[in-house]
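Read through the structures below before going on.
First chain A sits with chain B, and in the next complex the same chain sits with chain C.
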Partner chain A sequence: MATYRLDITKEHCPMTFVKTKIELSKLKTGDTLEVLLTEGEPLENVPRSATEQGFKVLSVTETEVKGIHRVIIEK
Partner chain B sequence: MDYTEEQIQRYSRHFLLQDVGVEGQEKISNGKVLIVGAGGLGAPAALYLAAAGVGTIGIIDGDVVDYSNLQRQVIHFTADVNKPKVISAKEKINQLNPDVNVVTYQELLTSYNALDIIKDYDFLIDGTDNFPVKFLINDACVLAGKPFSHGGILRFDGQTMTYVPGSACYRCVFVSPPPPNAVPTCSQAGVLGAIAGMLGTIQAAEALKYLTGVGELLTNRLLIFDAKKMTFRTVNVKHNPNCPVDGDHPTVTQLVDYEQAACELKKH
Partner chain C sequence: MATSDIQLDPKVKKLSIIGFSGDFDKLTAVFTLATGAAAVGYEVNLFFTFWGLDAIKIKQGRSPIGKGFLPKVFGLFMGGLKVAPVSRLNFAGISPKIFRHLMRKNNVATLEELVEAAKVLGINFYACEMAMHVLGLSKEDFIPEVKDVLGVATFLKLADGGQTLFI
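Coming up: the complex of A and B.
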(Lines of atoms letter the chains of each structure in order from A and count residues from 1; the text may use other names and numbers.)
(Lines give C-alpha, C1' and ligand atoms only; values in the text may rest on other atoms or scores of the structure.)
Protein backbone atom coordinates (compact mmCIF):
# COMPACT_ATOMS: atom_id res chain seq x y z
CA MET A 1 0.00 0.00 0.00
CA ALA A 2 1.62 3.17 -1.20
CA THR A 3 1.40 6.59 0.40
CA TYR A 4 1.11 9.71 -1.72
CA ARG A 5 1.51 13.34 -0.70
CA LEU A 6 -0.37 16.45 -1.73
CA ASP A 7 0.16 20.04 -0.65
CA ILE A 8 -2.95 22.19 -1.03
CA THR A 9 -1.92 24.92 1.41
CA LYS A 10 -1.97 27.46 -1.43
CA GLU A 11 -5.40 26.44 -2.77
CA HIS A 12 -8.79 27.90 -1.98
CA CYS A 13 -12.26 26.34 -1.85
CA PRO A 14 -13.37 24.47 -3.84
CA MET A 15 -10.03 23.73 -5.52
CA THR A 16 -8.77 22.24 -2.24
CA PHE A 17 -11.10 19.26 -2.52
CA VAL A 18 -10.93 19.21 -6.34
CA LYS A 19 -7.15 18.69 -6.15
CA THR A 20 -7.62 16.12 -3.40
CA LYS A 21 -10.12 14.16 -5.50
CA ILE A 22 -7.92 14.24 -8.59
CA GLU A 23 -4.99 12.92 -6.55
CA LEU A 24 -7.18 10.25 -4.96
CA SER A 25 -8.34 9.13 -8.40
CA LYS A 26 -4.74 8.10 -9.18
CA LEU A 27 -4.55 5.84 -6.11
CA LYS A 28 -5.43 2.20 -5.80
CA THR A 29 -7.90 1.05 -3.17
CA GLY A 30 -6.07 0.81 0.15
CA ASP A 31 -3.46 3.41 -0.78
CA THR A 32 -3.26 6.47 1.42
CA LEU A 33 -2.90 10.14 0.61
CA GLU A 34 -1.25 12.59 2.97
CA VAL A 35 -2.75 16.03 2.43
CA LEU A 36 -1.19 19.20 3.81
CA LEU A 37 -3.75 21.96 4.21
CA THR A 38 -4.39 25.14 6.15
CA GLU A 39 -6.76 25.54 9.05
CA GLY A 40 -10.10 27.22 8.56
CA GLU A 41 -12.14 26.33 5.50
CA PRO A 42 -9.82 23.62 4.06
CA LEU A 43 -9.46 21.86 7.40
CA GLU A 44 -13.22 21.97 7.94
CA ASN A 45 -14.27 20.95 4.45
CA VAL A 46 -11.73 18.55 2.97
CA PRO A 47 -11.98 15.79 5.60
CA ARG A 48 -15.77 16.14 5.68
CA SER A 49 -16.12 16.01 1.89
CA ALA A 50 -13.75 13.04 1.68
CA THR A 51 -15.82 11.15 4.24
CA GLU A 52 -19.09 12.05 2.48
CA GLN A 53 -17.73 10.72 -0.80
CA GLY A 54 -16.74 7.37 0.61
CA PHE A 55 -13.09 7.81 1.53
CA LYS A 56 -11.72 7.01 4.98
CA VAL A 57 -10.08 9.82 6.94
CA LEU A 58 -7.48 8.07 9.10
CA SER A 59 -6.08 11.04 10.98
CA VAL A 60 -5.98 14.82 11.19
CA THR A 61 -2.96 16.31 12.99
CA GLU A 62 -1.29 19.68 13.14
CA THR A 63 2.22 19.78 11.68
CA GLU A 64 5.30 21.48 13.14
CA VAL A 65 4.21 24.55 11.18
CA LYS A 66 1.46 26.39 12.99
CA GLY A 67 -1.80 26.48 11.05
CA ILE A 68 -0.78 23.70 8.64
CA HIS A 69 -2.48 20.35 9.18
CA ARG A 70 -1.84 16.87 7.86
CA VAL A 71 -4.85 14.77 6.85
CA ILE A 72 -4.36 11.11 6.01
CA ILE A 73 -7.04 9.76 3.66
CA GLU A 74 -7.36 6.13 2.63
CA LYS A 75 -8.92 5.23 -0.71
CA MET B 1 -5.67 11.22 -18.26
CA ASP B 2 -3.58 14.06 -16.88
CA TYR B 3 -5.40 17.35 -16.63
CA THR B 4 -3.78 20.75 -17.06
CA GLU B 5 -4.32 23.35 -14.36
CA GLU B 6 -6.77 25.06 -16.72
CA GLN B 7 -8.73 21.85 -17.22
CA ILE B 8 -8.77 21.14 -13.49
CA GLN B 9 -10.41 24.52 -12.96
CA ARG B 10 -12.67 24.21 -16.01
CA TYR B 11 -14.12 20.87 -14.92
CA SER B 12 -13.82 21.45 -11.15
CA ARG B 13 -17.58 21.39 -10.55
CA HIS B 14 -17.81 18.02 -12.25
CA PHE B 15 -14.81 16.68 -10.34
CA LEU B 16 -16.52 17.69 -7.11
CA LEU B 17 -19.66 15.70 -7.85
CA GLN B 18 -19.45 12.28 -6.26
CA ASP B 19 -21.39 10.75 -9.16
CA VAL B 20 -19.16 12.30 -11.83
CA GLY B 21 -15.71 12.89 -10.40
CA VAL B 22 -12.52 12.28 -12.34
CA GLU B 23 -13.76 8.99 -13.78
CA GLY B 24 -17.02 10.53 -15.02
CA GLN B 25 -15.23 13.47 -16.58
CA GLU B 26 -13.02 11.05 -18.48
CA LYS B 27 -16.15 9.35 -19.83
CA ILE B 28 -17.46 12.76 -20.91
CA SER B 29 -14.12 13.56 -22.55
CA ASN B 30 -14.24 10.27 -24.44
CA GLY B 31 -17.90 10.77 -25.43
CA LYS B 32 -19.17 11.44 -28.92
CA VAL B 33 -22.54 13.14 -29.32
CA LEU B 34 -24.29 14.03 -32.57
CA ILE B 35 -26.67 16.97 -32.51
CA VAL B 36 -29.19 16.91 -35.34
CA GLY B 37 -30.21 20.50 -35.98
CA ALA B 38 -28.27 23.56 -34.79
CA GLY B 39 -31.47 25.38 -33.94
CA GLY B 40 -33.52 26.15 -30.85
CA LEU B 41 -32.84 22.81 -29.13
CA GLY B 42 -29.43 22.08 -30.63
CA ALA B 43 -28.02 25.47 -29.67
CA PRO B 44 -28.30 25.15 -25.87
CA ALA B 45 -27.53 21.44 -26.05
CA ALA B 46 -24.33 22.13 -28.00
CA LEU B 47 -23.26 24.87 -25.60
CA TYR B 48 -23.77 22.77 -22.47
CA LEU B 49 -22.14 19.69 -23.99
CA ALA B 50 -19.20 21.81 -25.11
CA ALA B 51 -18.91 23.40 -21.68
CA ALA B 52 -18.99 19.94 -20.12
CA GLY B 53 -16.06 18.86 -22.28
CA VAL B 54 -17.72 16.23 -24.47
CA GLY B 55 -14.80 14.99 -26.56
CA THR B 56 -16.49 15.00 -29.95
CA ILE B 57 -19.61 16.94 -30.88
CA GLY B 58 -21.04 16.36 -34.34
CA ILE B 59 -23.50 18.91 -35.69
CA ILE B 60 -25.62 18.36 -38.77
CA ASP B 61 -27.68 21.18 -40.27
CA GLY B 62 -28.06 22.40 -43.83
CA ASP B 63 -29.37 25.87 -43.04
CA VAL B 64 -27.78 29.28 -42.72
CA VAL B 65 -28.44 31.61 -39.79
CA ASP B 66 -31.44 33.93 -40.23
CA TYR B 67 -32.54 36.90 -38.13
CA SER B 68 -35.66 34.92 -37.18
CA ASN B 69 -33.43 32.30 -35.49
CA LEU B 70 -31.78 34.66 -33.02
CA GLN B 71 -34.77 34.86 -30.64
CA ARG B 72 -34.02 31.32 -29.38
CA GLN B 73 -30.99 29.79 -31.14
CA VAL B 74 -28.53 31.15 -28.61
CA ILE B 75 -25.38 29.72 -30.19
CA HIS B 76 -25.84 32.08 -33.18
CA PHE B 77 -25.20 35.81 -32.91
CA THR B 78 -26.35 38.75 -35.04
CA ALA B 79 -23.05 38.84 -36.93
CA ASP B 80 -23.62 35.20 -37.96
CA VAL B 81 -26.68 35.94 -40.10
CA ASN B 82 -26.28 34.22 -43.50
CA LYS B 83 -23.46 32.04 -42.16
CA PRO B 84 -23.97 28.26 -42.25
CA LYS B 85 -25.34 27.22 -38.86
CA VAL B 86 -22.82 24.43 -38.44
CA ILE B 87 -19.94 26.88 -38.95
CA SER B 88 -21.46 29.41 -36.55
CA ALA B 89 -21.97 26.68 -33.95
CA LYS B 90 -18.47 25.26 -34.39
CA GLU B 91 -16.94 28.71 -33.89
CA LYS B 92 -18.79 29.24 -30.59
CA ILE B 93 -17.98 25.76 -29.33
CA ASN B 94 -14.30 26.26 -30.09
CA GLN B 95 -14.36 29.58 -28.26
CA LEU B 96 -16.14 28.08 -25.27
CA ASN B 97 -14.00 24.97 -24.99
CA PRO B 98 -11.01 24.25 -27.24
CA ASP B 99 -10.87 20.70 -25.83
CA VAL B 100 -13.89 19.76 -27.97
CA ASN B 101 -13.44 18.24 -31.41
CA VAL B 102 -16.32 19.56 -33.55
CA VAL B 103 -17.38 17.65 -36.65
CA THR B 104 -19.71 19.53 -38.97
CA TYR B 105 -22.11 18.20 -41.59
CA GLN B 106 -23.57 21.01 -43.66
CA GLU B 107 -26.40 18.96 -45.07
CA LEU B 108 -29.77 17.49 -44.16
CA LEU B 109 -30.04 14.15 -42.41
CA THR B 110 -31.69 11.80 -44.91
CA SER B 111 -32.40 8.12 -45.35
CA TYR B 112 -29.28 7.98 -47.52
CA ASN B 113 -26.71 9.42 -45.11
CA ALA B 114 -28.24 8.79 -41.65
CA LEU B 115 -26.78 5.38 -40.80
CA ASP B 116 -23.36 6.30 -42.10
CA ILE B 117 -23.24 9.50 -40.05
CA ILE B 118 -24.65 8.18 -36.78
CA LYS B 119 -22.40 5.11 -36.64
CA ASP B 120 -19.52 7.19 -35.22
CA TYR B 121 -21.50 8.50 -32.22
CA ASP B 122 -22.45 7.26 -28.74
CA PHE B 123 -25.61 9.34 -28.35
CA LEU B 124 -27.79 11.56 -30.54
CA ILE B 125 -29.82 14.64 -29.75
CA ASP B 126 -32.89 15.25 -31.90
CA GLY B 127 -33.01 19.02 -32.19
CA THR B 128 -35.13 19.05 -35.35
CA ASP B 129 -38.31 20.97 -36.03
CA ASN B 130 -40.21 18.58 -38.27
CA PHE B 131 -41.81 15.17 -38.08
CA PRO B 132 -40.18 13.46 -41.07
CA VAL B 133 -36.69 13.90 -39.62
CA LYS B 134 -37.86 13.02 -36.09
CA PHE B 135 -39.13 9.70 -37.41
CA LEU B 136 -35.99 9.26 -39.49
CA ILE B 137 -33.78 9.80 -36.41
CA ASN B 138 -35.88 7.36 -34.41
CA ASP B 139 -35.79 4.67 -37.08
CA ALA B 140 -32.07 5.12 -37.73
CA CYS B 141 -31.28 4.91 -34.01
CA VAL B 142 -33.47 1.85 -33.50
CA LEU B 143 -31.97 0.08 -36.53
CA ALA B 144 -28.42 1.02 -35.50
CA GLY B 145 -28.95 0.44 -31.77
CA LYS B 146 -28.04 4.03 -30.86
CA PRO B 147 -29.49 5.86 -27.86
CA PHE B 148 -30.97 9.29 -28.47
CA SER B 149 -32.97 12.08 -26.88
CA HIS B 150 -36.17 13.11 -28.63
CA GLY B 151 -37.26 16.68 -28.13
CA GLY B 152 -40.02 18.91 -29.43
CA ILE B 153 -41.28 22.38 -28.60
CA LEU B 154 -44.20 24.52 -29.68
CA ARG B 155 -45.62 27.76 -28.33
CA PHE B 156 -45.18 27.34 -24.54
CA ASP B 157 -44.95 23.54 -24.50
CA GLY B 158 -42.15 21.05 -24.65
CA GLN B 159 -41.81 17.29 -24.65
CA THR B 160 -38.87 14.95 -24.47
CA MET B 161 -38.04 11.29 -23.99
CA THR B 162 -34.87 9.25 -24.15
CA TYR B 163 -34.45 6.05 -26.10
CA VAL B 164 -31.94 3.31 -25.43
CA PRO B 165 -32.08 -0.05 -27.21
CA GLY B 166 -34.93 -2.03 -25.65
CA SER B 167 -36.86 0.93 -24.26
CA ALA B 168 -39.94 2.48 -25.82
CA CYS B 169 -38.99 4.34 -29.00
CA TYR B 170 -40.63 7.44 -30.45
CA ARG B 171 -42.63 5.26 -32.85
CA CYS B 172 -43.81 3.03 -30.00
CA VAL B 173 -45.63 6.14 -28.74
CA PHE B 174 -46.33 8.06 -31.96
CA VAL B 175 -46.74 5.42 -34.64
CA SER B 176 -46.35 7.52 -37.79
CA PRO B 177 -45.94 11.14 -38.85
CA PRO B 178 -49.07 13.27 -39.25
CA PRO B 179 -50.04 14.10 -42.83
CA PRO B 180 -48.05 16.97 -44.37
CA ASN B 181 -49.75 20.35 -43.95
CA ALA B 182 -52.08 18.96 -41.27
CA VAL B 183 -50.28 21.16 -38.78
CA PRO B 184 -49.53 24.89 -38.60
CA THR B 185 -46.18 26.14 -39.82
CA CYS B 186 -43.66 27.43 -37.31
CA SER B 187 -44.29 31.02 -38.34
CA GLN B 188 -47.99 30.56 -37.61
CA ALA B 189 -47.53 28.70 -34.36
CA GLY B 190 -44.64 30.56 -32.74
CA VAL B 191 -42.55 29.51 -29.79
CA LEU B 192 -41.34 31.23 -26.64
CA GLY B 193 -37.57 31.34 -27.08
CA ALA B 194 -36.71 30.42 -23.52
CA ILE B 195 -38.51 27.07 -23.69
CA ALA B 196 -36.06 26.01 -26.39
CA GLY B 197 -33.37 26.52 -23.76
CA MET B 198 -35.35 24.56 -21.18
CA LEU B 199 -35.84 21.58 -23.43
CA GLY B 200 -32.46 21.55 -25.15
CA THR B 201 -30.80 21.73 -21.76
CA ILE B 202 -32.78 18.72 -20.53
CA GLN B 203 -31.54 16.87 -23.62
CA ALA B 204 -27.94 17.85 -22.86
CA ALA B 205 -28.36 16.58 -19.30
CA GLU B 206 -29.64 13.25 -20.64
CA ALA B 207 -26.63 12.95 -22.94
CA LEU B 208 -24.27 13.61 -20.02
CA LYS B 209 -26.14 11.12 -17.83
CA TYR B 210 -25.83 8.53 -20.57
CA LEU B 211 -22.10 9.12 -21.04
CA THR B 212 -21.36 8.98 -17.31
CA GLY B 213 -23.90 6.31 -16.40
CA VAL B 214 -25.29 8.53 -13.65
CA GLY B 215 -28.88 8.30 -12.49
CA GLU B 216 -31.90 7.11 -14.43
CA LEU B 217 -32.49 8.19 -18.00
CA LEU B 218 -35.84 9.51 -19.21
CA THR B 219 -36.61 6.16 -20.79
CA ASN B 220 -40.13 4.73 -20.96
CA ARG B 221 -41.34 8.13 -19.81
CA LEU B 222 -42.43 11.15 -21.81
CA LEU B 223 -41.72 14.42 -20.02
CA ILE B 224 -44.16 17.17 -20.94
CA PHE B 225 -44.05 20.71 -19.68
CA ASP B 226 -46.31 23.71 -20.00
CA ALA B 227 -44.29 26.86 -19.39
CA LYS B 228 -47.43 29.02 -19.09
CA LYS B 229 -48.30 27.26 -15.85
CA MET B 230 -44.74 26.00 -15.40
CA THR B 231 -46.00 22.51 -14.78
CA PHE B 232 -44.00 19.39 -15.58
CA ARG B 233 -45.42 15.91 -15.80
CA THR B 234 -44.12 12.57 -16.93
CA VAL B 235 -46.31 10.05 -18.70
CA ASN B 236 -45.23 6.44 -18.52
CA VAL B 237 -44.90 4.88 -21.94
CA LYS B 238 -43.87 1.36 -22.81
CA HIS B 239 -42.40 -0.62 -25.61
CA ASN B 240 -45.14 -1.32 -28.15
CA PRO B 241 -45.17 -4.87 -29.54
CA ASN B 242 -47.00 -3.49 -32.59
CA CYS B 243 -44.43 -0.74 -33.14
CA PRO B 244 -43.62 -0.53 -36.86
CA VAL B 245 -39.87 -0.33 -36.26
CA ASP B 246 -39.03 -2.31 -33.12
CA GLY B 247 -42.22 -4.31 -32.54
CA ASP B 248 -42.58 -8.05 -32.91
CA HIS B 249 -43.29 -7.83 -36.64
CA PRO B 250 -41.56 -4.70 -37.88
CA THR B 251 -42.68 -3.20 -41.17
CA VAL B 252 -40.08 -0.43 -41.15
CA THR B 253 -36.88 -2.32 -41.90
CA GLN B 254 -35.08 0.40 -43.81
CA LEU B 255 -35.05 4.17 -43.63
CA VAL B 256 -37.62 6.27 -45.45
CA ASP B 257 -37.87 10.02 -46.07
CA TYR B 258 -41.42 11.14 -45.36
CA GLU B 259 -42.96 13.93 -47.34
CA GLN B 260 -42.47 17.13 -45.48
CA ALA B 261 -44.46 20.32 -45.28
CA ALA B 262 -42.38 23.43 -45.77
CA CYS B 263 -42.06 24.14 -42.09
CA GLU B 264 -43.83 21.81 -39.72
CA LEU B 265 -43.44 22.55 -36.07
CA LYS B 266 -46.60 21.17 -34.50
CA LYS B 267 -45.89 18.67 -31.80
CA HIS B 268 -48.17 15.71 -31.19
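Coming up: the complex of A and C.
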Protein backbone atom coordinates (compact mmCIF):
# COMPACT_ATOMS: atom_id res chain seq x y z
CA MET A 1 0.00 0.00 0.00
CA ALA A 2 1.62 3.21 -1.16
CA THR A 3 1.18 6.75 0.09
CA TYR A 4 1.24 9.54 -2.45
CA ARG A 5 1.60 13.23 -1.63
CA LEU A 6 0.36 16.27 -3.52
CA ASP A 7 0.66 19.98 -2.72
CA ILE A 8 -1.93 22.12 -4.52
CA THR A 9 -1.65 25.15 -2.23
CA LYS A 10 -0.10 27.24 -5.03
CA GLU A 11 -2.54 26.06 -7.71
CA HIS A 12 -5.70 27.75 -8.90
CA CYS A 13 -8.95 26.47 -10.39
CA PRO A 14 -9.21 24.21 -12.36
CA MET A 15 -5.68 22.82 -11.81
CA THR A 16 -6.41 22.15 -8.12
CA PHE A 17 -8.96 19.55 -9.22
CA VAL A 18 -7.07 18.43 -12.33
CA LYS A 19 -3.86 17.62 -10.42
CA THR A 20 -5.82 15.82 -7.67
CA LYS A 21 -7.72 13.76 -10.25
CA ILE A 22 -4.51 12.77 -12.05
CA GLU A 23 -2.88 11.68 -8.75
CA LEU A 24 -6.02 9.81 -7.68
CA SER A 25 -5.99 7.89 -10.96
CA LYS A 26 -2.57 6.41 -9.97
CA LEU A 27 -3.93 4.88 -6.75
CA LYS A 28 -4.52 1.17 -6.38
CA THR A 29 -6.94 -0.25 -3.81
CA GLY A 30 -5.65 0.50 -0.31
CA ASP A 31 -3.27 3.28 -1.45
CA THR A 32 -3.66 6.73 0.06
CA LEU A 33 -3.13 10.25 -1.25
CA GLU A 34 -2.28 13.11 1.08
CA VAL A 35 -3.32 16.45 -0.39
CA LEU A 36 -2.24 19.81 1.00
CA LEU A 37 -4.72 22.49 0.01
CA THR A 38 -6.01 25.93 0.93
CA GLU A 39 -9.34 27.00 2.41
CA GLY A 40 -12.28 27.94 0.21
CA GLU A 41 -13.02 26.16 -3.06
CA PRO A 42 -10.29 23.45 -2.84
CA LEU A 43 -11.12 22.54 0.78
CA GLU A 44 -14.85 22.45 0.07
CA ASN A 45 -14.72 20.56 -3.19
CA VAL A 46 -11.68 18.25 -3.31
CA PRO A 47 -12.97 15.95 -0.49
CA ARG A 48 -16.53 16.10 -1.85
CA SER A 49 -15.60 15.20 -5.43
CA ALA A 50 -13.24 12.41 -4.21
CA THR A 51 -16.14 10.90 -2.24
CA GLU A 52 -18.44 11.23 -5.27
CA GLN A 53 -15.90 9.38 -7.38
CA GLY A 54 -15.84 6.43 -5.00
CA PHE A 55 -12.80 7.28 -2.86
CA LYS A 56 -12.82 7.36 0.95
CA VAL A 57 -11.83 10.59 2.71
CA LEU A 58 -10.02 9.41 5.86
CA SER A 59 -9.34 12.80 7.44
CA VAL A 60 -9.37 16.56 6.91
CA THR A 61 -7.13 18.46 9.35
CA GLU A 62 -5.64 21.93 9.48
CA THR A 63 -1.84 21.94 9.41
CA GLU A 64 0.41 24.06 11.59
CA VAL A 65 0.23 26.69 8.82
CA LYS A 66 -3.01 28.66 9.16
CA GLY A 67 -5.38 28.19 6.24
CA ILE A 68 -3.56 25.12 4.88
CA HIS A 69 -5.34 21.79 5.30
CA ARG A 70 -4.29 18.18 4.89
CA VAL A 71 -6.79 15.80 3.31
CA ILE A 72 -6.10 12.07 3.29
CA ILE A 73 -7.93 10.08 0.63
CA GLU A 74 -7.93 6.29 0.26
CA LYS A 75 -8.90 4.15 -2.69
CA MET B 1 -20.38 7.62 -35.45
CA ALA B 2 -24.07 6.82 -35.84
CA THR B 3 -26.57 7.95 -33.21
CA SER B 4 -27.61 4.29 -32.72
CA ASP B 5 -24.01 3.46 -31.60
CA ILE B 6 -24.22 5.82 -28.61
CA GLN B 7 -24.87 4.16 -25.27
CA LEU B 8 -25.74 6.65 -22.54
CA ASP B 9 -25.35 5.96 -18.82
CA PRO B 10 -28.02 8.03 -17.03
CA LYS B 11 -26.02 7.96 -13.76
CA VAL B 12 -22.97 9.74 -15.23
CA LYS B 13 -22.94 13.53 -14.86
CA LYS B 14 -22.18 15.12 -18.18
CA LEU B 15 -21.08 18.46 -19.62
CA SER B 16 -21.10 19.13 -23.35
CA ILE B 17 -19.63 22.34 -24.74
CA ILE B 18 -20.00 23.71 -28.24
CA GLY B 19 -16.70 25.49 -28.90
CA PHE B 20 -17.72 28.02 -31.55
CA SER B 21 -15.21 30.78 -30.83
CA GLY B 22 -11.55 30.74 -31.83
CA ASP B 23 -10.73 33.54 -29.37
CA PHE B 24 -8.00 32.93 -26.81
CA ASP B 25 -10.11 34.08 -23.85
CA LYS B 26 -13.21 32.12 -24.85
CA LEU B 27 -11.17 28.98 -25.53
CA THR B 28 -9.62 29.43 -22.09
CA ALA B 29 -13.18 29.41 -20.68
CA VAL B 30 -14.00 26.25 -22.70
CA PHE B 31 -10.96 24.36 -21.46
CA THR B 32 -11.21 25.64 -17.86
CA LEU B 33 -14.80 24.41 -17.58
CA ALA B 34 -14.03 21.19 -19.42
CA THR B 35 -10.98 20.18 -17.36
CA GLY B 36 -12.59 21.26 -14.08
CA ALA B 37 -15.69 19.22 -14.84
CA ALA B 38 -13.71 16.15 -15.96
CA ALA B 39 -11.57 16.38 -12.81
CA VAL B 40 -14.62 16.23 -10.54
CA GLY B 41 -16.02 13.21 -12.35
CA TYR B 42 -18.08 14.54 -15.25
CA GLU B 43 -18.04 13.01 -18.69
CA VAL B 44 -17.07 15.93 -20.98
CA ASN B 45 -17.79 16.33 -24.68
CA LEU B 46 -16.22 19.20 -26.64
CA PHE B 47 -17.77 19.86 -30.02
CA PHE B 48 -15.73 22.34 -32.07
CA THR B 49 -17.26 24.23 -34.94
CA PHE B 50 -16.38 27.24 -37.14
CA TRP B 51 -13.68 29.40 -35.50
CA GLY B 52 -13.47 26.91 -32.64
CA LEU B 53 -11.86 24.39 -34.99
CA ASP B 54 -8.66 26.49 -34.62
CA ALA B 55 -8.26 25.01 -31.13
CA ILE B 56 -7.79 21.46 -32.37
CA LYS B 57 -5.71 21.99 -35.52
CA ILE B 58 -2.55 19.94 -35.57
CA LYS B 59 -0.63 22.95 -36.96
CA GLN B 60 -0.91 25.48 -34.17
CA GLY B 61 0.47 28.52 -35.98
CA ARG B 62 -0.55 30.16 -39.28
CA SER B 63 -0.68 27.59 -42.03
CA PRO B 64 -2.50 27.45 -45.39
CA ILE B 65 -4.37 24.25 -44.62
CA GLY B 66 -7.62 23.23 -46.30
CA LYS B 67 -8.56 22.01 -49.75
CA GLY B 68 -8.87 24.73 -52.40
CA PHE B 69 -7.67 28.32 -52.71
CA LEU B 70 -10.25 30.12 -50.52
CA PRO B 71 -10.08 27.60 -47.65
CA LYS B 72 -6.26 27.89 -47.73
CA VAL B 73 -6.50 31.71 -47.44
CA PHE B 74 -8.95 31.34 -44.54
CA GLY B 75 -6.72 28.73 -42.92
CA LEU B 76 -3.74 31.05 -43.15
CA PHE B 77 -5.56 34.02 -41.57
CA MET B 78 -7.36 31.97 -38.93
CA GLY B 79 -4.23 30.15 -37.83
CA GLY B 80 -4.36 27.80 -34.86
CA LEU B 81 -4.25 27.84 -31.09
CA LYS B 82 -0.87 29.58 -30.89
CA VAL B 83 -2.09 32.68 -32.76
CA ALA B 84 -5.61 32.87 -31.28
CA PRO B 85 -6.57 36.51 -30.65
CA VAL B 86 -8.39 37.78 -27.55
CA SER B 87 -12.00 38.87 -28.12
CA ARG B 88 -11.39 42.44 -26.90
CA LEU B 89 -8.31 44.70 -26.93
CA ASN B 90 -6.27 42.27 -29.01
CA PHE B 91 -3.74 44.96 -30.09
CA ALA B 92 -2.63 43.02 -33.18
CA GLY B 93 -1.83 39.89 -31.21
CA ILE B 94 0.11 41.50 -28.36
CA SER B 95 -2.61 40.88 -25.74
CA PRO B 96 -2.56 37.06 -25.89
CA LYS B 97 1.19 37.21 -25.21
CA ILE B 98 0.56 39.49 -22.22
CA PHE B 99 -2.17 37.16 -20.95
CA ARG B 100 0.12 34.12 -21.24
CA HIS B 101 2.80 36.05 -19.29
CA LEU B 102 0.31 37.08 -16.57
CA MET B 103 -1.07 33.55 -16.28
CA ARG B 104 2.41 32.07 -15.82
CA LYS B 105 3.38 34.82 -13.37
CA ASN B 106 0.24 34.19 -11.27
CA ASN B 107 0.55 30.40 -11.46
CA VAL B 108 -2.69 30.06 -13.42
CA ALA B 109 -2.77 27.35 -16.10
CA THR B 110 -2.17 28.68 -19.61
CA LEU B 111 -4.44 27.70 -22.50
CA GLU B 112 -1.84 25.21 -23.76
CA GLU B 113 -1.59 23.58 -20.31
CA LEU B 114 -5.37 23.30 -20.11
CA VAL B 115 -5.51 21.63 -23.54
CA GLU B 116 -2.84 19.12 -22.45
CA ALA B 117 -4.78 18.48 -19.21
CA ALA B 118 -7.95 17.91 -21.26
CA LYS B 119 -6.12 15.21 -23.26
CA VAL B 120 -4.78 13.53 -20.08
CA LEU B 121 -8.24 13.57 -18.49
CA GLY B 122 -9.72 11.74 -21.48
CA ILE B 123 -12.12 14.50 -22.51
CA ASN B 124 -13.94 13.68 -25.75
CA PHE B 125 -13.03 15.98 -28.66
CA TYR B 126 -15.33 16.16 -31.68
CA ALA B 127 -15.25 18.27 -34.85
CA CYS B 128 -18.23 19.64 -36.77
CA GLU B 129 -18.65 17.96 -40.12
CA MET B 130 -20.39 20.92 -41.80
CA ALA B 131 -17.82 23.58 -40.77
CA MET B 132 -14.99 21.26 -41.82
CA HIS B 133 -16.63 20.85 -45.22
CA VAL B 134 -16.94 24.65 -45.69
CA LEU B 135 -13.34 25.24 -44.64
CA GLY B 136 -11.99 22.33 -46.71
CA LEU B 137 -10.58 20.60 -43.63
CA SER B 138 -10.24 16.86 -43.02
CA LYS B 139 -9.84 14.82 -39.81
CA GLU B 140 -6.07 14.59 -40.53
CA ASP B 141 -5.80 18.39 -40.08
CA PHE B 142 -6.71 17.94 -36.40
CA ILE B 143 -4.95 16.58 -33.34
CA PRO B 144 -5.25 12.78 -33.00
CA GLU B 145 -7.36 13.17 -29.83
CA VAL B 146 -10.30 14.22 -32.04
CA LYS B 147 -12.44 11.11 -31.69
CA ASP B 148 -14.88 11.72 -34.47
CA VAL B 149 -16.45 14.10 -36.97
CA LEU B 150 -20.09 14.74 -36.08
CA GLY B 151 -23.27 16.42 -37.20
CA VAL B 152 -25.96 18.06 -35.05
CA ALA B 153 -28.06 14.92 -34.49
CA THR B 154 -25.14 12.90 -33.10
CA PHE B 155 -23.97 15.78 -30.92
CA LEU B 156 -27.47 16.19 -29.44
CA LYS B 157 -27.62 12.49 -28.72
CA LEU B 158 -24.21 12.63 -26.98
CA ALA B 159 -25.26 15.68 -24.95
CA ASP B 160 -28.63 14.21 -23.98
CA GLY B 161 -29.31 14.23 -20.24
CA GLY B 162 -26.39 16.53 -19.37
CA GLN B 163 -25.61 20.24 -19.33
CA THR B 164 -24.76 21.98 -22.59
CA LEU B 165 -22.94 25.27 -23.11
CA PHE B 166 -22.23 27.35 -26.20
CA ILE B 167 -19.01 29.39 -26.03
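In the analysis below, the second predicted complex is superposed on the first by the 75 of 75 C-alpha atoms of A that agree within 3 Å, B and C clash if a C-alpha of one lies under 4 Å from a C-alpha of the other, contacts with A are read in each partner's own complex, and residues count from 1 in each chain.
Please note the rule applied: a contact is a pair of C-beta atoms (placed from the backbone, for glycine too) under 8 Å apart; a residue touches a chain by one contact, two chains touch by 3 or more.
Since we're looking at a predicted model, the values are computed, not measured.
Trainee: Go through the superposed model and pick first if A:E11 touches only chain B, second if only chain C, both, or neither.
Mentor: Only chain C; A:E11 stays clear of chain B.
Trainee: A:N45 in the overlay: touching chain B, chain C, both, or neither? Say first, second, both or neither.
Mentor: In the superposed model, A:N45 contacts chain C only, not chain B.
Trainee: Output the chain A positions appearing in both contact lists, the one against chain B and the one against chain C.
Mentor: 14-15, 17-18, 21-22, 49, 52-53
Trainee: Along chain C, where are the residues that touch chain A in the complex?
Mentor: 32-33, 35-36, 38-41, 106-109, 113-114, 117, 120-121
Trainee: Going by the contact rule at the top, pick out the chain B residues touching chain A in the complex.
Mentor: So the residues of chain B touching chain A come out as 3, 8-9, 12-13, 15-16, 18, 21-23.
Trainee: With touch defined as at the start, can you tell me which chain A residues reach chain B in the complex?
Mentor: Going by the criterion above, the answer is residues 14-15, 17-19, 21-22, 25, 49, 52-54.
Trainee: Could you please specify the touching residues of chain A with respect to chain C in the complex?
Mentor: Answer in residue numbers: 10-15, 17-18, 20-22, 45, 49, 52-53.
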